[in-house]
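You will see two complexes here that share subunit A, one where it goes with subunit B and one where it goes with subunit C.
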Partner chain A sequence: MDFIRNFPLFMIILSLFSGALCFMLPRKASFVYTVCFECLLTAMAAALLVFTSQTGSSFTYTMGEFPAPWGNEIRAGITESVFALGFVFILLCSVTGGYRYLNGDTDPTKVNLFFALVNLLTAALLSLVFTNDIFTGYVFLEILTLASCGTVVVREIGKTTLAAIRYMILNLLGSGLFLLGVVLLYDITGNLLMEPMHGVITEIVSESGVIPSLSIAVAILTIGLSIKSGLFPFHYWMPDTYGFSTPSAAAILSSLTSKGYIFLLIKIYCRVIGLDTLRQMPVCDVLLSLGLLGIAVGSVQAMHTNNINTMIAFSSAAQIGYIFAGIGLCTEDGMIAALFHILAHAMTKSMLFITVPRLSEAAGGAKVFRDLQGSGIRDKDAGVAFAIGAFSMIGIPIFAGFASKLLFGIAAIDSGSNFKLTMIMLALAVSSMLNAIYFIRTLIRIFTPAGDTGLMEHPRHHAGFLIPVALLTAVNLFLGLFSGVVTELITRGLAMFP
Partner chain B sequence: MIKDYFDHWLDGECDPTRDIYEIARVPDASRSELKDMARKSREEIASRDTTRSAISAQKKGFYAIYTIVAIVSCIALIGVLLYSVSLLPQYGRVNPRAAAVVERYIEDGVAETGAINIVSGIILDYRAFDTLGESHVLFTALLCVMVLLRMDSKNMRNKKEDYALMMHENFFDLSHDGIIRTVAKVLLPSLLVFGAYVLLNGQNSPGGGFSGGSILGATLIIAASSFGLSRIGNVFTRRASECATFISLSFYSFAKGYVFFTGANGLENHIPKGTPGAILSGGLILPLDIAVGIVVTCTMFGFYSLFRKGMIGNDN
Partner chain C sequence: MITELLSNEEVAAIVLFGIGFTMLLFQKNLIKKLIGMNIMDSGVFLFLASMGYIGGRKAPIVTDGIAEAENYINPLPAGLVLTGIVVSVSVTAVMLSLTIRLYRRFHTLDLDNVYELLKQKAEEK
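The block that comes next holds the complex of A and B.
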């Protein structure tokens, strides 16, 4: 057996250990350790991606001496490797980019606790990506929820506590519903492992059609995960949670935590339920319409706010709407578009969330548009980074956002329904326009000279900001220019899913 | 006019869809002047009866709709869940599809794991990866509570609050109460022995790390509340609890990582299973139970200590 097949196990176990280790380390050491460790993880994930795409097949890995279904099992294919790489890379960039603000946002004695939480969050994300067992998915979903909540309250102001309480209540509701869904599925299939579950479900559906308990299980599970990832109408926790937490935490929460849940949902849909069975259920159409509504409502709310953080948070709600609309098509193409958009949006949003604090710092700590005037000129690095992020969100060609909108369009054309095609195209057009309106408004504002404000020009370049932003920009451009490479990888990975 | 409109749009104060202007802030106005302006404008709005009644009617309407929607959706959810309960198999009837998994656990479980208590065998051997995650859930919860409650420069109490807390501590300090101290002295040794028994005998009888650890944690809490938190804090210091948690968790991760690695690669793992029923049996189950027990004890007592005085141990 190739040694590289052990990498998923190593990645998960080492992340769990790093969580415990950062608990003991002093402040600075825990940051340095976490950055080095995330670099190591990125290298391992890249090696795994090269390995799986060369062999062109997925492999399962028995966790212990007992084979599944008695023991636990993880699985790695091309899709899993792509997402492990993407997630770990974004974690690295968000942690590095936001470190400067962490010291001001929290007490020095608690910085290491933040990194311990980040490492546990990494372990949970990797386990969600690699798991082949639906109950393992639930256990690590819990760690992800708790750790995300912890990273919100790391910034010790009253508003984060309030936001974290709201986040916690909604997320626990989501976890509870997900657990009920898992229990019902276990009752129907008698298995927790994904392939046998899929086999039994296909058998049942071919014998007696979609039975009520199956529909209920899928519905509950879907509601649970969509509450957790912030699909319309469950997105109202987003602005406060993202807006007030420390920049690293906001970047991680918006671009990774919610995407981890969505990845699990896609995995369950493709590997447990099966797309053919799924198409016979109403859940697809519900997800599609909620996704489209989410796009509209999120964009309009982003337009209405006059706070830059809230605007980006509501725009996240709209982007989650895109992803769910792609899933709601219930076709191969829809899933590919959704998976690609997970990556594209995660790269862009994490960059925006680590850029905004720089802009507001250049404007003397302001977050309202009026006071941000000229901040992009005073801090040119942040201004350029924000412009790149904004272009990608709007969907201007050569950036990642354009490629994912193109993929959504293709998926809609192939959906075979004229009504769906019209609705999706309309949503894409309208939301691109609204995106353009609110992002360009911000760009005009930050690049308009403010005259004499008494604020200093930003004196020097910070490597801790420039390096992650440059890396994220490079990947963003890569996703935009060579989207074919990534889509081909995702397509090959999806083909191995059932 | 158009220029004004454009500027307001840039500020996010009005937009084509709503056409609402907010009161513009005067840059040179002082804080008190601003407050004055805000009060005046509130009064002005309040003086217009029509606006006021319109707003309150809107509010009332919203809450009425909100309540109705909430009740309806809760009832719908309850109905769906009750219906799905009626679809579950009857108590004691095994799902034939799950038979193979259950059969192996029951028939070969003792021989394969070396543990008479099948539950321990399942959670710490067959499905050890899930339990590894589960013990880290506890650790994550401990971290969150520490982030929230541990005292530091950002959430330090002021003197007044400190005094109030001291009075409160004295009021609830039971260490001067002879009855409670005597009862605690009688109870504590047997509680400790019971906790240790449940913890160490997890492979042979119901119990194990989670239950044994919570008994031990509760014992520590009883000791702390009857003899004073600071006296327990002298023994159970912050560093000690951190080290204990760290060592237990990393032992757990690496021991299980080793077993996963050898198992998946088809290597011999050299961990003796022991005779089922003996105290040293079940392979790794006993050491893992001890590790989980330590984590649970530290977590429980840590919660208590953090909630009561915002630190673990006496030093901060």
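The block that comes next holds the complex of A and C.
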């Protein structure tokens, strides 16, 4: 069983290697290879999860056998395993579900490059999940940004180039700030590994309280990561980037790339700064308020748009707001709710992003609501999948979205502040209502018969669409019905974080 | 007053970071934005390098058989700077290639002009 301890490193190295391999493979082979490889990664992550949850402990893997303050480390505990499994699984479903559109969206000779980028993105994402070294975090953060940008420009139209440039500029601002934050933290603590950093910070705080330079470093680092993950008011790049890129890329960007940054932020908060220290910093309240504002603004913007892709993109902005509101509570319950919502939202959003192109295909390529009428009837598979995704986004019981809203409610009650409780409950209520309005409006639209439009029915079932959607639905229902299992795993994982 | 907290190099580094950050944010021309990004990164690297420097000590290369760490400056920040430079170069390369693609399609480097061109196109449709 001890062999499993090598899995985190193997997963990262093999993904990097696969990235290089896909450059050389032909089109179809690179797709088949990537799907098989993602299946292998899912199995490895599952084995890792079983191993860590059975032993009930985390382990560190010293790279090159250099011991703690000098070497570079990989660490795997229960939380890391849960997220590695979730991320790799979503990646598998997004890639399979969007493959059919990739051929139309790109130059056929360049399809293998997309898969090369997807594999590099996997490596970066897994490194962010597993790394124990904050500077390695920065390096793979940049790799993740570059790979994500590449998946956007794979579709060669003018709009994606512009969207990718906007995306990159904001991300570069974010990376610059994150790097400065990391350097300042290194200046204060003299370490780059997370445990020794935490030790020094606790010592400083117990001696002289929260010193201003520490608050500044944390604030800069937080701003950097929140720009990159698209927290309000930095969310305006989302509609263009998600709307014009190929469906797989949109699913990966919204449900994995931005979530990878947030996972790194939570990891730094829990493992480097420590929640007790964090609560004494102003950054918590700022995150909470921006999160709540993001929920409101994202929902309102989603309601006002006329385009189904833009609607889903703005709803992503609102969901990022939820996650940051949970982090902003700075309590363990808040972190658990945020982590659970990362998974719940990623499962739902990736499903919606691979479903929408089918609906618009059934409507003759339309993306505006008026023209989508009846598309859910013409393509029943996509209609049902969209309905499931919409129900989960609204937060109807038995779906994942409900469980995460419940967790946010519980976290707010336990926060001990009446003002925070009122604000969060208000935001939850308003956003659920707005979500219900714009998603049910869309559902009614796509299930209303359109009369004679001359468009063909879609009787054919595509295994490439049905299998990922069925898998995502199953996991979505599992998260909704058995949320206790997942939250217990996350709680145990968080307990072994410091 | 600020020099009591920070050395001259660190102040310069923070000023450079500020200049680069504002350029990346507010310049309209893409090439100027990229120059800003490089200035911003250089600021961080200068900050790192000045942090690792300890006055009166030598570069961390063993000379004349002196092995005690007290004689040398901290080599880790230099390693971080090197890694950072590699990251910065690759990001610049990707951004420049995107810029070339944008220029070939729209014949301008000004992002505002590109928006207007796209808007005109949408109206023509």
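Everything below uses one rule, namely that the second predicted complex is superposed on the first by the 497 of 498 C-alpha atoms of A that agree within 3 Å, B and C clash if a C-alpha of one lies under 4 Å from a C-alpha of the other, contacts with A are read in each partner's own complex, and residues count from 1 in each chain.
Operating definition for what follows: a contact is a pair of C-beta atoms (placed from the backbone, for glycine too) under 8 Å apart; a residue touches a chain by one contact, two chains touch by 3 or more.
In this text, all values refer to a predicted model and were calculated from it rather than measured experimentally.
With both structures placed on the common chain, the touch criterion links A:L173 to subunit C but leaves subunit B unconnected.
In the superposition on chain A, A:E142 makes contact with both subunit B and subunit C. Of the two partner chains placed around the shared chain by superposition, subunit C is the only one that A:I165 touches, whereas subunit B remains out of contact. Touch counts on subunit A: comparing subunit C and subunit B, the chain ahead is B.
Applying the stated contact rule after C-alpha superposition, one finds that A:V300 touches subunit B and leaves subunit C untouched. Of the two partner chains placed by superposition, only subunit B is touched by A:V200; subunit C is not. In the superposition on chain A, A:A463 makes contact with neither subunit B nor subunit C. On subunit A, the surface patch touched by subunit B in one complex and by subunit C in the other comprises residues 135, 139, 142, 146, 149-150, 153, 161, 180, 186-187. Partner subunit A is touched in their complex by these residues of subunit B: 9-13, 15, 17-18, 25, 80-81, 83-84, 87-89, 95-101, 104-105, 112, 125-130, 132-134, 136-137, 139-141, 143-144, 146-148, 150, 152-155, 242-243, 245-246, 249-250, 253-254, 256-257, 259-266, 269.
Taken together, the subunit A residues at the contact with subunit C in this complex read 135, 138-139, 142, 145-146, 149-150, 153, 158-159, 161-162, 164-166, 168-169, 172-173, 175-177, 179-180, 183, 186-187, 192.
The touching residues of subunit A, when paired with subunit B in their complex, are 1, 5-6, 9-10, 13, 16-17, 19-21, 23-24, 61-66, 69-72, 74, 106-110, 113-114, 116-117, 120, 123-124, 127, 133, 135-136, 139-140, 142-143, 146-147, 149-150, 153-154, 156, 161, 180, 184, 186-187, 189-191, 200, 212-213, 216-217, 219-220, 300, 303-307, 311, 368-370, 441, 444-445, 448. Of all the residues in subunit C, the ones that touch subunit A in their complex are 17, 20-21, 24-25, 30, 33, 37, 40-41, 44, 47-48, 51, 76-77, 80, 83-84, 87, 90-91, 94-95, 98-99, 101-102, 105-106, 111, 114-115, 118.
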